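Okay, got some structures for you below.
Same chain, two partners: subunit A is paired with subunit B first, then with subunit C.
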Partner chain A sequence: MKTLLMGNPNVGKSVFFNRLTGANIIESNYPGTTVDYTKGYMRLEGKDIEIIDVPGTFSLEPKDKAEEVAVKMLHESKESKVMCVIDASKAERGLYLALEIIEQGFPVVIALNMWDVAIDKSIDIDAKKLEQILGIPVIPTVGISGEGIFTLASRLEDATPIKMEDIVKRTEGIKHKVNTPDERWTLIEGISKEVVTFGEYQHTLKDAIGDFTVKPATGIPFVIAVLYGFWSVFGSFAGFFTDGFLVKIFDEHWLPWLQTVFPGGLGNWFYALIVDVGHLENGVLAASDNCFESFGALSSGLFVPVGVVLPAIFIFYLMFALLEDIGYMPRLAVLIDTVLHKIGLHGYAIVPSILALGCNVPAVGATRILETKKQRFMMMTLLALFIPCGAQIGIMQDVIPGSIGFVMLYLIAGYFIFGYILNKIIPGKTPEILMDVPPYQKPMSRNISRKVWMRTSGFLKVAVPFVILGSLLVNILYMAGTIDWLANILAPLFEGWFGVPRETAGPLVAAFLRKDLAVAQLSAIEMTKYQMISAVVLVSIYFPCIATFAMMLREGRKAFLGSLAVLLVVVFTWGGLLHLLWILMGVV
Partner chain B sequence: MTKQNTLEKRNDLYFIYFLILGLVSLAFGIADLVVTLGGSEYSLGALEIPNDGFRGGWGGLIVLFAGIFYLSGVKNIQEIHQLAKVIMGSILIWIIAGTDIFAMITESIPGGEDGGWFNTAQGFWGAYAPPYLPAIFLLPFSLVVIFCIHKYYKKQEMK
Partner chain C sequence: MQKRLDEMAYEEEGVVAKIQEGVRTRVAGMGVRVGKKIKMLTKEPLKGPVVVVVDEADISLGIGIADKIIVEVDG
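And now, the complex of A and B:
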């Protein structure tokens, strides 16, 4: 038996999915966490039941790509049962979707989720009465604590197809048939009158603070403080592990051990590929004394992802998960909505933008929460160009600690300027959206640890092989003379237009595999502080890494090619403009 | 003394307390920004006003905002929205002071570039020695807001 888990965005479907199947998918309290469907299995009374977590949708008339996926899933699963998850504090809205699904002839069970929130808001729903009217099982649940979920699963077999006429008959005061959305809303109003009672709700301290964090005058200082805290903890934590311990482990123990035990020695091509390419000292090839400069697949190839990037990625995802679970992300979305509208996006574009600061790959997927093709294209392009991933930021903190603020500022400026231009030249709509702001809540340690583990392990699975592969590839290209050839060919462009040494060609090749590796390789090239800033900016706005590339391609070939065209224009203009800035400042 | 009088007296106490805290926070925030713009670090006894753009500039701006939050919420603090403003002022101070204390902890444990794996006892305790940022001095005073929250909920329960 197949069961679809459906409901409005942000009602806790993913929490249900994890509880029912024991799976681990990301749960967040803002819409768009699930932008594609996920399958899992639940064992109930000796039978395996396939559960599919479907992206959230408000109705069966899709308005964005994620909703399209949801509706398509429903239409392709004619034999399925549907577990419809409704936010009990906004039951009417959820009932609209539930009635649409019932109308299509699907057997439905309803979970009145967030029952605790409804009680807090003095909303009382007579679940038994609702069950009588609808003729289907209706169970109050609290997804986060698991309350009611077992009962819900066990009532799944009671779900049978129901005729709308029967529901109409059982609803007092409703006589007409339900054919149009307006008639459906009238029916819901009738049902609501019978089952929902609203008590006197008192504004709480939590509500008052919540209100202040979305009002610009009080919310903006709060955003600045949150970002300050985020950045400060990020730097302290990453520095503690990387500079305090991991640099020592890799430079004083791992590299010398590899140099001792690995056969071949300096000058041997295989040794150079795996352990240390060495460097020239007074014309003599000397061994490297640190993993940043050794460039071997087992030295730099492991040091970059594990020694530098892992602590940075871990703390980034930990803090991001905390902000998500407290309920700050939707507030940030509301606050930044006006600004993002100026470049044709809306508040929820902040979700892929911040996710991209961790890794661009899930961020490209998260662009599906945006309604129009234009918005998705713009978001995908802007994040691939102007948002450095956590891995790159981690390395930047080691390579250009004093200039990282300037680089970020230059990239943010590019994000808004090119966003504005793209919004003007790309045809298409930028609709307004209504945002749900959930109440602040205490973060659950189980959810936080699961998110951090999933995201960090996902990063390691992608990063380690790619960095090792990147180190090998760049070393082979160096040995074959390809990088020198490329550097000479592109010298006028690099030195004349971008104002960086021609040797930057090597790291830019590596950037296609891993941008963190590329920034690490830049540290070995002799250049001025300003050239280094330009080179790091170039690595950021140059082609996205191969994993992001593949993800962008998945989102559609036309959009992908369009993004590449924009990317080429941006690299030349934004990269060249920085050189011009240095010339004007007289620092070249 | 009637209940009304007690409440009024408590309101006056809160008013004076958070007014002073707000003014001091505001002064520290302005001092942070002035020192950062001036370019050279300023120390006075155990107090250190940093001159770097991050701690002095952004950090100073946040302390200044905290002062504004305190001052705007100080009147009739028993009212829910006014109390919320004062709480937000304290949260800003906690963010600045908390991250600075976290930085001290992370710096105090490792042995440093030329040292061993872990710091010496002297180096460890030395990391917590003054001078401190203005927000660290404001931290204990900002915690009084927890008492206010406790009182607020107690009052709500009694209602």
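And now, the complex of A and C:
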């Protein structure tokens, strides 16, 4: 037997899913955390029951890709039962979806979730009475503490298809049939009158802060403060651990140790691949004294992901998880909608955009919360091009600490300018924002730590092997002379058009595997501050890393090819423009 | 007196009187329907979205949706 977990966005379906299956999927306090379905198994009375966490939807008339997935799932699972999760403090809305599902003939059980929040709001629901009227099991639950969830699961077997006429008959004062949304609402209001009692609602401090942070006069300065705070904490935390400890450990202990114990020694090809390629000093090959220049798979290959990027990724995900779980993201989306709407996007585009600052891969997936094909294409292209990932930002802070602000600004400008152009070129209209702004919540430390752990370990699992692989590959290409050959062929383009040294070819090959590795390798090339800025910008806007590439391909071949075409134009214009800017400023 | 949702003043309350076809099904799932009490919480500048309160829940609507909803207000 299959069971679909359905409900409005942000009612805690993923919490249910984790509780029922023992799985670990991401939960957040904003709609659209689940954009794709997730499968799991629950053991109930000796039987395995398949459970599917379906993206949240307000109705069965989908308005974005995630909701389309939800409706499609339902239609493809004719034989399954539905566990409908309702936010008890907004029960009428949840009942709207529940009734639509019942109308389609599915056996449904209802969880009146966030029961504790409803109590806080002095809302009382007579679950027994509701069960009587609907003719299906209705259980009050508190997802985050687990209350009621297993009672609900054990009552799945009591769920049977119900005829709408019967519900209408059992509801006082309702006589008509239910066909249109308005008739459905009249029925819900009839049901609500019998089972829900609203007490006197006391506005709390939480509501006051909620209002304060969404009203423009106070909300906009608050956004600026939040972003500034985010950036400062990010910079100082990462700097503290990287420069204060990890650089010393790697350069003063790890590298010298490797250099003494590893067989071969300078000049040996295998030693060069694994430990240190060395560099020429007055025509003599000399050992490197730091992990940025040694290029070895076990020296640079470990130093980049663990020594430099790990602290940055960790603090980024910690702060992001806090913002997510408190529920700030929807307010940010509302405040920024005005600006993003002008370039054809949507306030909600801020979620994939910020997510991309951590890693572009999940961000590409998150573009599904946007409504139209056009928006999803634009978002995917813009973030792959203009949003540097956390790994790259982390290493930029170490390699170009003084110029990082300029690089970020130049990329953000590109995001808006090319967004504006794409919006004009691509046909299709921009849909209006329509979303729920959930109340603030106290973040649960267990959820935060689990999320940070999952994302950070996810980073390490991908980054360490890829950086090591990348170091090896680039070293081999150097030894085989391929990079020099490439550098010479591309020299007119690099030196003439982009204004960077031809040696940049090597890091750009590495950039295809890992952007952080590429920036680290740039630091070993002799160049001016301005050339360095150009090179770092090139690393960002030129091909996304291979993992992002694969993810983009999953979103459809046509969109992928379109993105590639935009990418080529952007690399040439936006990369060349920076060179022009330097020429005009007289710094080259 | 009737006015468009986006014309409502801050903190003004009213009852939804009319919703244009096309928008009606889109907002229905979020609880916005004819006869429902609605309160304007805030409006973002430069034709940004509005934030309204329906059933003690905050909902944000783009101006292109808000201007298709007519509200009956007092006075």
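Heads up, the rule we're going with is that the second predicted complex is superposed on the first by the 588 of 588 C-alpha atoms of A that agree within 3 Å, B and C clash if a C-alpha of one lies under 4 Å from a C-alpha of the other, contacts with A are read in each partner's own complex, and residues count from 1 in each chain.
The working rule: a residue touches a chain if its C-beta (ideal position, glycine included) is under 8 Å from a C-beta of that chain, and two chains touch if they have at least 3 such contacts.
Please read these numbers as outputs of a predicted model, since none were measured by experiment.
Participant: Record, for the superposition on subunit A, whether partners subunit B and subunit C clash or fit.
Facilitator: These partners fit in the superposed model.
Participant: Is A:F549 touching the first partner subunit B, the second partner subunit C, both, or neither of them?
Facilitator: Neither subunit B nor subunit C is touched by A:F549.
Participant: Is A:P221 touching the first partner subunit B, the second partner subunit C, both, or neither of them?
Facilitator: In the superposition, A:P221 contacts subunit B only.
Participant: Does subunit B (first) or subunit C (second) touch A:E92, or do both, or does neither?
Facilitator: The answer is second: A:E92 touches subunit C but not subunit B.
Participant: Scan A:V437 for contacts with subunit B and subunit C and give back first, second, both or neither.
Facilitator: Second partner only.
Participant: Per the contact definition in the header, classify A:T338: touching subunit B only (first), subunit C only (second), both, or neither.
Facilitator: second
Participant: Please work out whether A:G347 is in contact with subunit B alone, subunit C alone, both, or neither, and reply first, second, both or neither.
Facilitator: second
Participant: On subunit A, which partner's contacts cover more residues, subunit B's or subunit C's?
Facilitator: Touched residues of subunit A are more numerous for C.
Participant: On the A-aligned overlay, A:Y328 touches which partner chain: subunit B = first, subunit C = second, or both, or neither?
Facilitator: A:Y328 contacts neither subunit B nor subunit C.
Participant: Closest pair of CA atoms, one in subunit B and one in subunit C, after superposing: how far apart in Å?
Facilitator: Minimum over all C-alpha pairs of subunit B and subunit C: 13 Å.
Participant: Which subunit A residues are contacted by subunit C in one complex and by subunit B in the other?
Facilitator: Residues 211, which sit in both footprints.
Participant: Provide the residue numbers of subunit A that touch subunit B in the complex, in ascending order.
Facilitator: Per the stated touch rule, the residues are 203-205, 208-209, 211-213, 218, 221-222, 224-226, 228-229, 231-233, 235-237, 239-240, 243-245, 248, 405.
Participant: Could you list, by residue number, the parts of subunit C that touch subunit A in their complex?
Facilitator: 24-31, 33-34, 41-49, 51, 55-65
Participant: Tell me, which parts of subunit A touch subunit C in their complex?
Facilitator: Against subunit C, the touching part of subunit A is residues 8, 57-59, 61, 63, 89-90, 92-93, 96-97, 121, 181-182, 184-185, 201, 210-211, 214-216, 330, 333-335, 337-338, 341, 347, 431-439.
Participant: For the complex, give me every residue of subunit B touching subunit A.
Facilitator: 53-54, 58-59, 61-62, 65, 68-69, 80-81, 83-85, 87-88, 91-92, 95-96, 98-100, 102-103, 106-107, 109-111, 113, 117, 149, 152-153
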